[in-house]
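Next up: some structures, all given as structure tokens.
Here subunit A shows up in two complexes: once beside subunit B, once beside subunit C.
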Partner chain A sequence: MKVYALALGLMASAASIQAAGAETLALYNWGDYINPEILAGFTAETGIEVTLDTYSSNEEMLAKIQAGATGYDIVFPSVHMNDIMLKLGLLEKTDINLSPGFAAIDPANLRSKEDPDSAYCLPYAWGTVGIFYNEKVTGPITGWADYFAAAEKGAKVTLLDDMREVVAVGLIMTGKSVNSTDPADLQGAVDYLLSQKSKVAAFTYDSMSMLTSGDIGAAHFFVGGNVFFTQTPDVKYVIPVEGATMYQENICVLKTAPNKAAAKAFMEFYLRPEIAALNVAQQFNGTANVPARDLVPDFIKQNPTINVPAETLTRLQIFEDLGAGLKLYDRAWNTIRTAQ
Partner chain B sequence: MRQSTFLAALLAPATLFLGVFFLGPLLIIAVFSLLTPGLYGGVEWSFYHQNYGRIFGWADGIMEIYEPVYLQILLRSLGFAALTVGLCLVICYPVAFWVARLPPRARLFCLFLVTLPFFSSLIVRLYAWLLILKPSGLLNQTLLATGLIQTPLEILYTQSAVVLGLVYVMVPFMFLPLYSAIDNLDRSMVEASMDLGANRVQTFTKVVLPQTLPGIIGGAVIVFIPSVGNFIVPDVLGGAKGLMVGNLVEQQFLSARNWPFGAALAMIVMGVVLATLLYASARARSAAHA
Partner chain C sequence: MRSLLTLWSLAFFAFIYAPLAVIVAYSFNANPVNMMIWDGFTLDWYRGLFGAAVERPASDALYIENTDQLLAALRTSLTVAFFTTTIATVLGTSLAIALGRGRFVGQKALGGFLLLPMMMPDIVLGIGLLIFFLTLGMQLSLLTIIIGHCTFLISYVFVIVQARLAGLDPALEEASADLGASPFVTLRKVLIPQLAPGILGGALLAFVISMDDLVITYFIAGTDNTTLPVFIFGMIRRGVKPEINAIATLIILSSVVIAGLGLWLRARKTPA
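Let's turn to the complex of A and B:
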């Protein structure tokens, strides 16, 4: 009986400690997609302990949240997934657009169709998907035509192991929208990709180390890959002339978030230009925070493939939610990967 | 009576565990495979047989289209798995004989070596294979340095790499049942066979093989089942070009957000595996009676 009372007492005091101090914030983000200094800085300033779990695709994150994973406060969906999550009622309204620092956000980055005013989510980061190439192996590459031509001449090239990104290459090369749900457009993209498939060594995300070691000549990858090639002048990144995709992730608070106040505090922390710039300096991608664009390191500011000029922006497309049309892409992707 | 109550009490935890964590999920998959896919993942609770129709050929052709590609992928996976079983058997059978004849301490050490790979993560070991097989990797550097080849071998991102990876992953699972069967081999029967005038081939086919057949069948089943469904090896070493049915299932649950179709594919794999198991156990029983 005594032991029982003691245990109860211990439990009670443990609970009160948790209630009194030690506020926490649980982030669920893509792997390697936030500068750890930001998390440390946030904890140092607010005393809120931050935990970070990672995922490797929007769908993985959605599947876990749909399956009832709780305990996460903030997720970082791509814009089309942000829209899906809003339609499914998974996100919490934060009124982040009423916060004083919100004026720093470029209206062009308010891309969510379901949340055009950013009442729910805050633009986090954006970037392009293009081609990394070793100029000594492939010669200069300006776009997909050069990429496949280099492959024809014997350079090993890889595409991403990603359904939408690979089908997008076919759609771009046949002059269609990367969000088309017209079966004829998809068929055209599949035909184009099948005609090129024999030249593609692999569909993989492991291409950056293979490019470093010289095992491949060119790779389809995210602009963030530049992190690996600051000391290798031969390896270059290009946003294809024919057109390319871009991505943007937003910071969203889950409806099931246990620490909504801490989550809002984190969003406001991230609104500060110096914090957004800190992320760019480590991630090598774009920010929606206009004043932050002047605070990033010079070599990033002067790199037109990272700090993208307006005329390049016009040839970028962003993925949208396809609804039932996703089936067309699934079938296309199976056909592309199965063909011998 | 008391004994059987005692036995039931002993078995209860295992039964309960399997009932909750094996039969439960299995039932969910079976039910999901007959439901309508939700637009954004999950399921809608209405009956829908076209998940199977897409695979076997009775899809409506509007919302769902029958494509032979799924059966092709399944057949390819079965082929890869069968090849893996064959290669594992060829590698492990002689080695198991050799190990069984070692002195006890050396034998224990060999068994330890066979289980050693399990001490590190499969993903890490497959990435190590990627480093070995790539054009500038260890294998090609060694072969180039010794002058055996002039240009690097193209192994990585081919079907050979997938089979190599599967064999590497599965070898211990073949070795252990084989070893235990061969270790229990009645050597006096082998001597008797030789004494009575059978040649080596006859002794092997009439005495050794029947006695070790349960081990072969056991190993083959344990290697075949996980090989059919493996999706990590084709992803990492095959460059996602040689799609296997495991990749297809994974894709349905993630990027395609079509849980019922993924469940239907999983049910078919399970059906094939179950048929294999029943066949193997029938064979093992007749082998035991022979």
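Let's turn to the complex of A and C:
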């Protein structure tokens, strides 16, 4: 009780929350992308009721917000979508970078091009996209070359059913940027992928259960897939040596948010290391909160594919908004998917 | 030949029901995160759904507890389905009777227009409805979902009731009028009883489609009106949770009970 009272006092002094109990906060997040304890803790401390609705892709969320749906306070777009939403004028300036807790945020995680100082959004979580493999089936895998070699020897492998992620594999293997809009680069990526396509069993998001059951030997997936393999020592995750993509989502307040003060209070709540660490322990994601990195369970801290060391970071690339260049990717993706 | 046909039917039913059997089996799996690994038998998922507090061992730290949200989504879905079924059945049936028995200009064209919402891709209808509601200045809510569902479910009920109506003999209604019954009495005592199987079929179809709809609902749902399909779809990156299997099993069970009840009622009635 004392803790709550103290916290309430703090919140009030931050000039945000006065009428506790009456306020609500509407989050619009990816499915299962936040530890429910964070929401419960926020409500217990501030008296603000939190509602949570979910979406499954950036585009889905943008379509709804752009069409004019209101009522949501906070969204969690990926960095490139964060930029698009800023250009469209959908986001509210929060000055979260002036909050006292902001010093905890790793400057390397301020990835938005439109919001380089984090005056609008706060880094939420980030992670890598790599290869999960069953070592008994495929032998050790260090990267895409091994992955396709294992496929050649008969192991079934899958790639994500995702345009940018799959084209990125081709771009990485031909030594190009995953954000290239040079038609020649994309042609090279398509040629590479077409030469490998016969070895790929499927393009799917459903690969984690197939990997568990032994239906496939290796799969292209998000680092979060590790939650499924804490009991199966043979299944391992690797960030490909040739290079890989990473993703990051940010916490953004919508221009149309009905409860902007509560939204800012939530961002400040999430700046606390112990709160950010709650998410890491459950999601196996990276966090932008530097002190939080020491508060996560040991098995995560000691796993270099989850708690990524600096030298691995140098081979990661993040997707950027491509503007009109996206059409090239659309065409490349269609070619890859429809080729016999 | 006969044994071949039997084999064929068995294979057919196995094909349809095997996935359902898997869901039922895994709804008793104790593993909270990876449903493909069997960790032993448990009734915890069902107990959680019925509100019993289930103590999770500390080793289950990776399990994301959100049974409350799941139940809220189920409640939203059932509320929406109940109201849309009622409204769509009444409106769809009256439309079918009006177009089948009435006589006015543009009757044929109207019948054609009613098929449009069924043929339109969901995504078009969803965005169209969203823009329509926003233009009217309506806040997205449970009400907009119900209105939105009714727009296309009326067509489904209409089509089924109309098919039944087309097979009826108009002479019965004429006879009823000849015998001095008012149009309302004829409707109540002659027409509706004959249409009943069609109306019931239309209502059931409307209920199922409303419970099932993902794309249209997604666009016209307001904050905190997540329906069950939207909720489950949102889990695509994390994988399906064990409670979903338990809820699916309960839904399968209630479908079997409802369908069985319907068959029993029909079997009891037909000889008369």
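We adopt the following convention: the second predicted complex is superposed on the first by the 318 of 340 C-alpha atoms of A that agree within 3 Å, B and C clash if a C-alpha of one lies under 4 Å from a C-alpha of the other, contacts with A are read in each partner's own complex, and residues count from 1 in each chain.
Rule of thumb we're sticking to: a residue touches a chain if its C-beta (ideal position, glycine included) is under 8 Å from a C-beta of that chain, and two chains touch if they have at least 3 such contacts.
None of these values were measured; they are calculated from a predicted model.
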Message: On the A-aligned overlay, A:Thr338 touches which partner chain: subunit B = first, subunit C = second, or both, or neither?
response: first
- request: With the two complexes superposed on chain A, say which partner A:Ala324 touches: subunit B (first), subunit C (second), both, or neither.
  value: first
- request: For A:Thr232, decide between first (touching subunit B), second (touching subunit C), both and neither.
  value: second
Message: Just to be sure I read the superposition right, which of the two partners does A:Ala63 touch: subunit B = first, subunit C = second, or both, or neither?
response: both
- request: Examine A:Lys87 and indicate which partner it touches, taking first as subunit B and second as subunit C; both and neither are also allowed.
  value: first
Message: One more residue to check, A:Thr314. First (subunit B), second (subunit C), both or neither?
response: neither
- request: Go through the superposed model and pick first if A:Ser213 touches only subunit B, second if only subunit C, both, or neither.
  value: both
- prompt: Between subunit B (first) and subunit C (second), which, if any, makes contact with A:Gln302: first, second, both or neither?
  reply: neither
Task: Mind sorting out which residues of subunit A both subunit B and subunit C touch, each in its own complex?
output: 60, 63, 213
- prompt: Which subunit C residues qualify as touching subunit A in the complex?
  reply: 33-37, 61-62, 64-66, 69, 127, 130-131, 134, 139-140, 218-219, 221-226, 230-231, 233-239, 241
- line: The residues of subunit A that touch subunit C in their complex are 26, 28, 30-33, 35-36, 51-56, 60, 63-64, 67-72, 205, 208-209, 212-213, 222, 224, 227-232, 281-282, 297
- prompt: Along subunit A, where are the residues that touch subunit B in the complex?
  reply: 57, 59-60, 62-63, 66, 84, 87-88, 156, 158, 161-164, 200-204, 206, 210, 213-215, 323-324, 326-327, 329-331, 333-335, 337-338
Query: Can you name the residues of subunit B that touch subunit A in the complex?
result: 39-42, 63, 65, 67, 69-70, 72-73, 127, 130, 134-137, 156-157, 235-236, 238-241, 243, 247-248, 251-258
